[in-house]
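Below, subunit A partners subunit B and then partners subunit C, in two separate complexes.
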Partner chain A sequence: MSAALPGQGPRRAARLRPAWLLTLAFLAWRNLWRNPVRSALTAAAMVFGVTSTIMFIALIEGMKRDMAHQVTDLTLGHLQVHREAFRRNQDLYAVIPDAAAERLRAGTPYRYAPRVYAGALASAGQASTGVRLMGVDPALERRVTSFHRHVRRGRFGLDEPPPAEGPAAGHYPVLVGFQLAKNLRIDVGSELVLITQAADGSIGNGLFRVAGVLKAVDPIMDRMGVVLSMEGWQSLMFLSGGVHELAVKTGDVTLLEEPQRRIAEVLATFPGGEAEGGPLQVRRWDQINPGLSDALALTDISLTIVAVIVLGIAALVLLNTILMSVFERITEFGILMALGMGRGWLMAMVMVEAFFLSLLASAVGAGLGALWAWRLETVGWDISAYMPEGIDWAGVSLEPIYRAYLTGDQVVKGVVFMLVISMISALLPSWTTTRLKPTEAFKR
Partner chain B sequence: MPRFPAASPACRPAVTLGLVLALAWLGVAWAAPAVAAEAPDVQAIMRRIDRLWRGDTSHAVMTMVVRTRHYERNMTMEAWSRGKDESLVQIEAPVKDRGVATLKVGQNIWNYFPKINRVTKVPPSMMMGSWMGSHFTNDDLVKESSYEEDYTYELTFHGRREGRAVYEVTLTPRPEAAVVWGKVTMEVTQDALMPLEFRYFDEDGRLVRRMTFDDPRRFGDRTVPARLVMRPEDKPEESTTVIYEELTFDVKLPPDLFSLRSLRQGR
Partner chain C sequence: MILLTLAWRNLWRQARRTLITSSTIAFGLGLALVSVGLGDGAHNQMVRGGIRLGEGHLTVQRRGYLEAPANHVFLEDGTEVLRQVEAAGVPGRVAPRIFLQALISSANNALPGGLLGIDVADDPQVDALRPTLVEGAWLDVGDPRGLLIGRHMAERLKAKLGARIVVMAGVGGETESQLGRVRGIFSTGIDELDSFQVVASLAFGRRMLPARDGRQPLTRVAIFLEDDAQTPVWREKLAALPLPAEAQVLTWQEMLPQLVTFIAFDDAGNYIWLLFVLVMVTFGIINTILMSVLERTREFGMLRALGMKPARLLGLVLAETLLLAGVSIVEGWIIGGAGHWYLATYGLDLTSLSPDVLKTAGVMMDPLMKSELSPQRVAMLTGIVFGTTMVSGLYPALRASRVPPVRALQT
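This part shows the complex of A and B:
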């Protein structure tokens, strides 16, 4: 022993000297590597715990972001305007008057994308099925959502006019949900027949050309969605004026109360009686899809539970290791006590051993976890082998490429969590040292 | 067995009130069977309704007026049928829908659209959808041919209603039948077995829609109601009216009339 033993004599132990702490740390570090295999295995278990916790947090965070993005950036926008009757039962005639849309564009600094909807029968070859038509203004839609970039195969193509001649002359381009494309066995370039009940009572029917197949959007869009330009939609539906929906994009998705109030003020100046289809309403994305915001809150809880379980198991491994090493060294501890080392110092030494081990494991785990999560963030995890349809959760469909999202916060959380749980679990083995009596210790 | 619901509320207190009134009750009880002289045969009523607008074959010209909150449309159409299972309807007017045709064979329906020159089969999911913008559904066309397999009949009323001697037959779906109605009641006149009103109820027993029949007209050797009005209960201002302008029975039809090929060619 290089320095004087710490805690010589119970009375002097009260005064703390830095040198003693150094000695303690030195002893603990040496003790740790007296059984390198055991320490390394324990560290490995803890590394695994920290790594997988960080990974898991990053994956869930990535999924949450994907879902929120999917909902706001992709289809919903930040806010939406509807007629009450349209929201309630998709009433074809419950439209937002064009004047209201113009007043909103002129009077508020937000961007608006008009949309129209209708049910129809789509058929291709022998197969036919019910679909939901969504008519958009391609130029305005681009400024509000990233729909145009969400094409799996083919092109967005809705802003192109139908070809003037050739076999597809006059056929407006459409985008179809990927599940619908599969069910109807159609792909880019296929002809699609759409039949519906037009707004004037006639039987709307027309030939369309599939310009692209969409990526996963939401269950309804995936299975029933046919997106086309306003003109294409009108060529079937003959609706005289107005739209069903305005998707709104504001400056900041987290500050929506003010825009909601301003839009509502403008809307209140338009009549909203029974004949028009009820009042005009503006709602935030989390009001439109409350299931999603609830689901996001739920993930945070489940995340904590999983982290506690994984790290708890790692901590139990640590507890076992430290306890074993304490039992092996009882004679040695007896000698130390006989030499005058206080019980408190003995316990501190064991605690420091546990701390070193978990610190080491956390550092390695944090590095590995961050590296892995970073890789999953940039490359993504292709789960299409297990879930070829993608993930379908809380009314949002996600692509079968799982992307993590790593923040420093997650790494710190994982490490701190591991250290705290480790120290708590190390209390038991280190406390047993305080119960030792030197005489009994020698007998062992 | 026939019951006397119209008479019994009036007569039950009569029994308890004494002999005089009991005698009166007797009079009512005697009078009741006199309304329906012969025992009504449910099967006969149903057979009669079933074959009313349809012989072995038939040819009809109809107008259909669809009134909704948002539009009113007049359509003229020509229709052919053979037996219960085969029918073909073709729209003549308005010009915008001219040539649009529907072919029904058994449980299948195909539509033909001349503008795009395509035939599409109506999938099961669209069976409850409106047929040609009317208040009839595709399902109505298909189910028409399977009433006997889908329902059990029961005579639930016979007596006078609104001054007319009528029978009321209630159709209850068989447990295994894939039908949308919880119950259908058919009111027919006793003398000529002429339908007056069909009422369609959902599974909770709520009246969903009613179809009324009037304007009896003679077509060849039969008299049938020439006007059918379908009214949904939840939209009282809406209706679909079908008026038979011409109706001939047992006409000679080309053997391949009810085929996809003739549908595509405009018969």
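This part shows the complex of A and C:
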């Protein structure tokens, strides 16, 4: 190393040798633990930050999945087909012709579940309220949604024909929303009177029997939903020629562009004038329920903000610590520089200290975070004690159990984020070391 | 007190460090103020909406309706209840209402809906709904068959102005149908109202409910107070009235339990997250204060050797922490105050993310969130941050006072 006379200013940094990197690493690591309490405290703050960020992200991801699953798997399906007039105004006569459903079944590999809807007046004992009837084909419905498993009390039972004898002879079975059951004071086995305005304008009415009470689906189904078999529905409405809705299930809920295109091709072969109720349309679940996608996007943004703030504070703590550790070693740094250690190397050493500390904290934080998130995924966080009826938000009803969903990339993201923020916050204090003059340092 | 002067000077000997530490604390406080402000603002707005568009601050309705709303659970002697409530001199508005769950049908379609019969001249709903009329006009007092329906319902029923609508409702085993005519169509932007609500006069509603012995029935009497804070006071006063046995006085909290639970839950979530922030800020502070104490070991040893008692030394370090807390809190108020002012004036506009008003916990949530901070909240958060800072400074202060002078001077 070349010596310079006093007053000649900074010397050239010597050329890089690999062995020096190892020495640097060793020095950095040892420096960290010269003050174990401080390093531990700082690491603790960072561990806390990483752990909570990972847990939070996993929890939110779980909630998003639950909501998306609730919507697609449960009732909506991946795509839906409607006549435009039905989609807009619930026009009773805007049906998808049976021929269209057949052509779709023949020409595409997806599964279709037909549905019909109507308004009705439901009465049980003294209580009465307006309801929305939904007619389904039980066998086909099972293949498209998991609706048949979503029964809180009783059973799905819509496959069964009405009993031939007994007090319920000729009564079709129905499923009711849980809030509707509460309001009408009915339960499994209760009798329900339904009055409708049939498709030909006459008054349809009939007696039905409650086979099951549904779990939370969405606010409308919960408060006003009555589900029957197609036959049961037709016994009230007498609508012929087609259905109102086809729920579609494809192989992959994330790849819906292609199925949408194929279905649209088939649908275009059917007339869609005003007389029929407009063209036949197929939409993806996120197009049908934009409120939900919006709510999910909102969650994503608030999640990012929270993560940035939490990790930012942890990084501030790190900044604090490094700043102090640099200031109290000024004399030492002065000596090192006088002995010929280049400025860049000093800065590098401090940066490596910061790196090791944040690496250690991130590793521990990632481990703890992953553990907790995994526990939340398998066991879940049961809040039914506080909200027994579940939560309804943005048009979806959720059961009161929060389940997390842990993925590797969440953990990686949390760690990388922490490391990056730490390195950035370590830049300023480590850079101050380069401005030291050895002679000044000795004066301290 | 010379202790404070010393403490203040000590703080600024290390200006950069003091500023960084106080900024960390200030950031924590500012963040707390903003996030609690937004939370409170959103909750208050939901409550106000729930009260204004709902059944007021207090409601008198039949016992049993709350648990299981049903058409036949009405106040038989509605006019008597109304008379007593009005005579009690409530500072606000009193609205008699009839509400029936019904099937609304036109020639083209039939839909579930809710019939709301109100005093079309006086009910607070008029103020809420009249500005949203997009077609036709508000109901006249002398129009017994006039109806107002929401835009979505009008589309689904294919009903234009003047169209005939049949309202069918079951009341205690009997089914009543009444014919009405559309006089106006409203569009509130709230899906629930635009799709299900049918507004009519009280007279129309009365046709659907059986009247016995000349007593006029009502579903409920809704009371809207001028001052929210008066709610518990007037609940007591109304409960003390000689109302018919069937009547029950309820507060808005009892009418909207889902909302109350949601707010409590949301608050809890907010506090947990603030706790996180606080914990991390604490780690940072302890670090700094401890270091500043340890590097002055020699100085403290000198002070002890010169006769300063350990207790006073403890007091000195605590005084430093106190002043640091003071500075940080002022800084925090400035940061938080600025944030709160901006959010209270302009709000946090989330409409680009979700243009529709979201229905949450049974009430509407406006995507434009405005911040609201009460003095109590500010005091509470300030107190928490202050307390935490002082607690963080406790351990370092104890360390400082404990070192024996001889050992200290050897450093």
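The rule is short, and it goes like this: the second predicted complex is superposed on the first by the 377 of 444 C-alpha atoms of A that agree within 3 Å, B and C clash if a C-alpha of one lies under 4 Å from a C-alpha of the other, contacts with A are read in each partner's own complex, and residues count from 1 in each chain.
In this text, contacts are C-beta pairs under 8 Å (C-beta built on N, C-alpha and C of every residue); 3 or more make two chains touch, one makes a residue touch a chain.
On a predicted model such as this, the values are computed, not experimentally measured, just so you know.
> For A:Leu207, decide between first (touching subunit B), second (touching subunit C), both and neither.
Once the two structures are laid over each other on A, A:Leu207 reaches subunit B alone.
> In the superposed arrangement, does subunit B or subunit C reach more residues of subunit A?
Comparing touch counts on subunit A for subunit B and subunit C gives C.
> Which partner chains sit in contact with A:Asn320 here, subunit B, subunit C, both or neither? Use first/second/both/neither.
In the superposition, A:Asn320 touches subunit C alone.
> Report for A:Ala168: first if it touches subunit B alone, second if subunit C alone, otherwise both or neither.
In the superposition, A:Ala168 touches no partner, neither subunit B nor subunit C.
> Does subunit B (first) or subunit C (second) touch A:Glu328, or do both, or does neither?
second
> What is the contact status of A:Ala199 with respect to subunit B (first) and subunit C (second): first, second, both, or neither?
In the superposition, A:Ala199 touches subunit B alone.
> Tell me the contact category for A:Val151 with respect to subunit B and subunit C: first, second, both or neither.
So A:Val151 meets neither subunit B nor subunit C here.
> Residue overlap on subunit A between the subunit B contact set and the subunit C contact set?
Residues 121, 123, 126, 128-130, 195, 197, 201 of subunit A touch both subunit B and subunit C.
> Could you please specify the touching residues of subunit A with respect to subunit B in the complex?
93, 121, 123, 126, 128-130, 193, 195, 197, 199-203, 205-207
> Mind listing the subunit B positions that touch subunit A in their complex?
Touch list, subunit B to subunit A: 66, 68-73, 94, 96-97, 100, 111, 113, 115-116, 118, 120-123, 125-126, 129-130, 132-133.
> Can you name the residues of subunit C that touch subunit A in the complex?
That would be residues 16-17, 20-21, 24, 27-28, 31, 68-72, 101-105, 107-114, 155-156, 158, 168-173, 175, 258, 261-262, 264-265, 273, 276-277, 279-281, 283-284, 286-288, 290-291, 295, 350, 353-356, 358-362 of subunit C.
> Show which residues of subunit A lie in contact with subunit C when the two form their complex.
So the residues of subunit A touching subunit C come out as 37-38, 41-42, 44-45, 48-49, 52, 88-92, 118-121, 123, 125-132, 182-185, 195-197, 201, 219, 224, 291, 294-295, 297-298, 301, 306, 309-310, 313-314, 316-317, 319-321, 323-324, 327-328, 383, 386-387, 389, 391-395.
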